[in-house]
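Below, chain A partners chain B and then partners chain C, in two separate complexes.
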Partner chain A sequence: MMLSGLRTHLTAIGLAALLAGCQATPPVEPRGTGDLGVVVERATGSLAVVDTSERRILTRVEGLGDLSHASVKFSRDARFAFVFGRDGGLSRVDLLSGEITHRVMQSGNSIGGAISQDGSLVAVANYEPGGVKLFDSQTLVEVAEIPATYRDENGEAQRSKVVGLVDAPGNRFVYSLFEAGEIAMIDMNGEAPEVTRFPDIGEAPYDALIGPNGRYYIAGLFGEDGLALLDLWHLEEGVTRILPDYGRGEARLPVYKMPHLEGWSVAGDEAWLPAVGRHEVLVADADDWSLVERIPVHGQPIFVMSRPDERQVWVNFAHPDNDVVQVIDTETREVIRTLSPGEAVLHMEFTPKGEHAWVSARDSDRITVYDTRTFEVLATLDSESPSGIFFTDRAHRIGL
Partner chain B sequence: MPLPAPRLLLLACCWLPVAALADSALSTARQAELETLLYQDCGSCHGMTLRGGLGPPLPRSRMNAYDRDGLAALILNGVPGTAMPGWAGLLSEQEARWLADHLQNDNPLDE
Partner chain C sequence: MMLSGLRTHLTAIGLAALLAGCQATPPVEPRGTGDLGVVVERATGSLAVVDTSERRILTRVEGLGDLSHASVKFSRDARFAFVFGRDGGLSRVDLLSGEITHRVMQSGNSIGGAISQDGSLVAVANYEPGGVKLFDSQTLVEVAEIPATYRDENGEAQRSKVVGLVDAPGNRFVYSLFEAGEIAMIDMNGEAPEVTRFPDIGEAPYDALIGPNGRYYIAGLFGEDGLALLDLWHLEEGVTRILPDYGRGEARLPVYKMPHLEGWSVAGDEAWLPAVGRHEVLVADADDWSLVERIPVHGQPIFVMSRPDERQVWVNFAHPDNDVVQVIDTETREVIRTLSPGEAVLHMEFTPKGEHAWVSARDSDRITVYDTRTFEVLATLDSESPSGIFFTDRAHRIGL
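Let's turn to the complex of A and B:
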């Protein structure tokens, strides 16, 4: 009985395999991708494809290599996820079929990437060897390589690690060179990539962001106070220093984890940003970049992210205070809620219109979905060592 | 009926020193926490596989260029002028020695 059951089953599988073999790609049920997303599972090197309407994991994609500190961008049609692995792996994942359509090992050590305004190119920021590589977003065939070369204090040519790579309007990419202390811009409108360099921006830029309208590119400096700002509307003005008191300061705590600048929010006329080495979220005037307020919080902030309607800012923290998420009301600038989603909270992502927030807790192997109005827990999903959460609405946002 | 948890823990504590004389007072639970700290939190700069990131790679050969106490001191005090913080606020000397010992002898990056 059992045997015959098994045989029937095997026949069925064989038939299914035969049928599948006749088709170029496995059958995919027609559906939109606007409510899909992915969660990076860093310990297992897998990606959980999630449905934010049903609040569940649809499938898991494995074989993506070392995903510690991995990040994800989406194709212009929001169907494909580009996964940038720490080990230099670049993978293109079909969210609908759950398959890796293309994968290349493109460097020894990479930190992230960006997709061009027109969606045709994927750029990767590499640590080793330092530079940017550009790929065709359909095929992952390499299109260009721009080494991040500079001369060190002895006049010798070196390659710098590349950080803070973003897309910018006009089919451009902007990035920073960690050791070289430089911002660079690639213009992809000509026949060959044209690179403009802005040297001497300050010591050790460690991450950067571009504002939601793509005008300001801002790099955080680990080696000194202040931030380096490039106004993409006025490149002739070069790089200027803003928020001169921002950064190391005199009485700074040891920084156990670099803050991320991607999480920076611009809410109204104000920018909300993580203080470096202080238990504070800073509010700055986004016109003249003067400091407006310091808001005391639970620990050293890592991500400071505004809900899409800009009424709330959610903050997570560095080790050892990383079991908490705090919510700040942007109007009163007060912490209105302290949530406990689990151990080692690494990332947060809002649904496109902000009614829910998904939060990953690495050491609790859990993703928690919150209602952002009531703070009720709507769902908890099992996920091994979850880190970055990325929803497909990023496909249509500048710099994300 | 299973042993109540506190008694189990006590039993574990009694057995431990025989196995790990060098760091006798570190509980297995604390050792597990330190291992998580090493690969996950140190890993955010040095890579989860210790192959490096914004911080340099930490292969076994490089870790053995120091003596154990020297490496522990580096962990506790940090490296001035770099992004490497001193961990003295979070780790005891004994815990730093455990990490140094792990990096020198149980390092998965055998290069």
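Let's turn to the complex of A and C:
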């Protein structure tokens, strides 16, 4: 019946096509995506897709454009990585097939993005033209654009660079406007995105973070000391200033790089943060934001990252002291280990339960995987100019 | 060449086999596993595999034995569910294919299990014979057995039921011995499992939990008031007693069911817990364990679960008040909503970022999915006697 009908029509070419149909679509191997991750390879514009169980690179995805300072978010199902390139390219990468499923050049210059609480939308923070664009996370079709407009001192309408864009509970996005000195929030629960603005937060917010429970949004200020805090549980209170002594006013050294606020950590009741322009890690009380302690370290800290069990904090440093990672015991507040993963250590990422740390050394073209209990090197992986490392468990964390 | 050679050998049967080869191996569809989960269906001994993005049941896995009071852990890659049956059956289920890949009857009666920090080992807590068994997580081959032996008041060697087994940072497992009144810890970093015992912790520990950062292990006591706390950062301090007024001594009502300690929550600096035998949720200071507040609720609470952003706590109740879920605002500490998901509400689970809550109503054969912001019912799913609900993001959380 169906079979004989089929057979009559089969020619050599038809059979070849049939056989090819069996094999040619490169079979995507089903696997769990909970132990996958990506490493940004900035020199080659590629992503290395990694397996954190086997501690190896599974595949490389090329053609992602300018990945200097690129960041990555993951889809709700932990299958797709959204890559925000510095050149305004937004790419959606299938970690299972190693293919770019969608790619749009969505602006002239972007600095990162976020994925909504429900996973349906990807938001991108743009420098040029300044604003936020929202995309459908399945198709990368543009859904909305929210220009970051403001009036300058002459009353002229201008657009501001957008920085520090994060997702927040309640399907909201929060971000900061560099030139405008504003924090803004997009609420996506109505028919159209609704924007609430908080002006006059301080001069030149350059980066921001949201805490692990999504309540506090904190913006760092490039133009003055202190940090701007928005309590998302109490928008009516507006933006307040915390840690008034935090910033450049204290700098005794030239600032080689402003610390990343995403590199702050909260461990227990304390916030751990990099001092600006000083060889210190600061510990603040996460309730009243008073400064509890200054811990001397090897250089100017960039990322100050808490091991998931909060027993250690790992720190990397700005040029020229960037060939070292230091580990601080959160209880004794002392440096207990200095590691040498290579030249230009740019980023670190812990496995979800914290047993391993992956460290990228850009100028050594190397990723080093450490046992966080023994500090033994478990693996070194070759990677061209590796920078950011992102594991898929971020898909399930607020603001990551 | 190869093609003509192939063609000569093709008969109708051969071709049928070839075509079947394309289609017959039931194609396991590649997909991300980050938005998967399972619902235990106790009456039918089955698991419903669910998709939390589409809010539907993907498939059912049968043949899992007695699933009354069953619990589930996930593999490190979030592909496999380990199901701990009450009948001592341990099953490994592939969420992608919906098949049981391995199954062993490992004891006469078990009460739950855990997966090691590095994902390599599955541990099972057994009632009969009392002890812990360790299995390779890939193959379910038994690796070690640690009997829960102790000497009774007559000096006779006995075996104790094991309860409250959890994973802890540093590739350790911690558990409690019901008859022996002990907490024990297995360290798996050496050649063989090394067991440390903490005797005389109090009478009849019946359940336990470990906090989200893996530092504090807390066992509830059936035989007396208070709780036993082990600080895993300071084993030398031994086990101390906390919340001395917590327990049956306060009971004004018959206790229909001892609350699950896994149903405790930590939100900010506070622990939220079900009172024993009272219609109250208790709030304790998570630093010094003093009681901060008693919140009147609908019945005797069983699970007290914090929404991931810590803005709400959801509570279900013991028989006969078990047709209701109440939502408490963590800031005002007031009940803000009473929901009616059906008869015999046994469990709840939040999606990883907290936008939805899934609630099982055993006697209504129904799972209800709520929007946690609006309390709108987004979906109801048919399920025979659903009880525990577990989503794969637990793979990345300490103690879950």
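Some points to look at:
Keep in mind that, in the parts below, the second predicted complex is superposed on the first by the 371 of 400 C-alpha atoms of A that agree within 3 Å, B and C clash if a C-alpha of one lies under 4 Å from a C-alpha of the other, contacts with A are read in each partner's own complex, and residues count from 1 in each chain.
Assume a contact is a pair of C-beta atoms (placed from the backbone, for glycine too) under 8 Å apart; a residue touches a chain by one contact, two chains touch by 3 or more.
Since the structure is predicted, the reported quantities are computational estimates derived from the model, not experimental observations.
After overlaying the two complexes on the shared chain, residue contacts for A:E331 are found with chain C alone; chain B is out of touch. In the superposition on chain A, contact of A:A78 is made with chain C only, not with chain B.
Between chain B and chain C, the partner in contact with more residues of chain A is C. Of the two partner chains placed by superposition, only chain B is touched by A:D87; chain C is not. In the superposition on chain A, contact is made by A:H396 with chain C only, not with chain B. Legend: residue contacts after superposition of the two complexes on their common chain; A:D245 is shown touching neither chain B nor chain C. Within the superposed three-chain model, A:E62 lies out of touch with both chain B and chain C [touch as defined at top]. Touch criterion met: A:R373 reaches chain C, while chain B stays clear of it. When both complexes are overlaid on chain A, the residue A:D382 reaches neither chain B nor chain C.
Residue overlap on chain A between the chain B contacts of one complex and the chain C contacts of the other is empty. Contacts from chain A toward chain B in the complex involve residues 42-43, 66, 68-69, 86-87, 109, 111, 127-128, 161, 163, 178, 204, 206, 222, 253-258, 319-320, 344, 362-363. Against chain A, the residues of chain C that register as touching in their complex are 3-4, 6-7, 10, 12, 15-16, 18-19, 21-22, 28-36, 53, 74-80, 95-97, 117-119, 167, 169-171, 189, 213-215, 233, 267-269, 287, 308-311, 331, 352-355, 373, 392-393, 395-398. Within the complex formed with chain A, the chain B residues making contact are 36-37, 40-41, 43-45, 47-49, 51-54, 78, 83, 85-87, 89-90.
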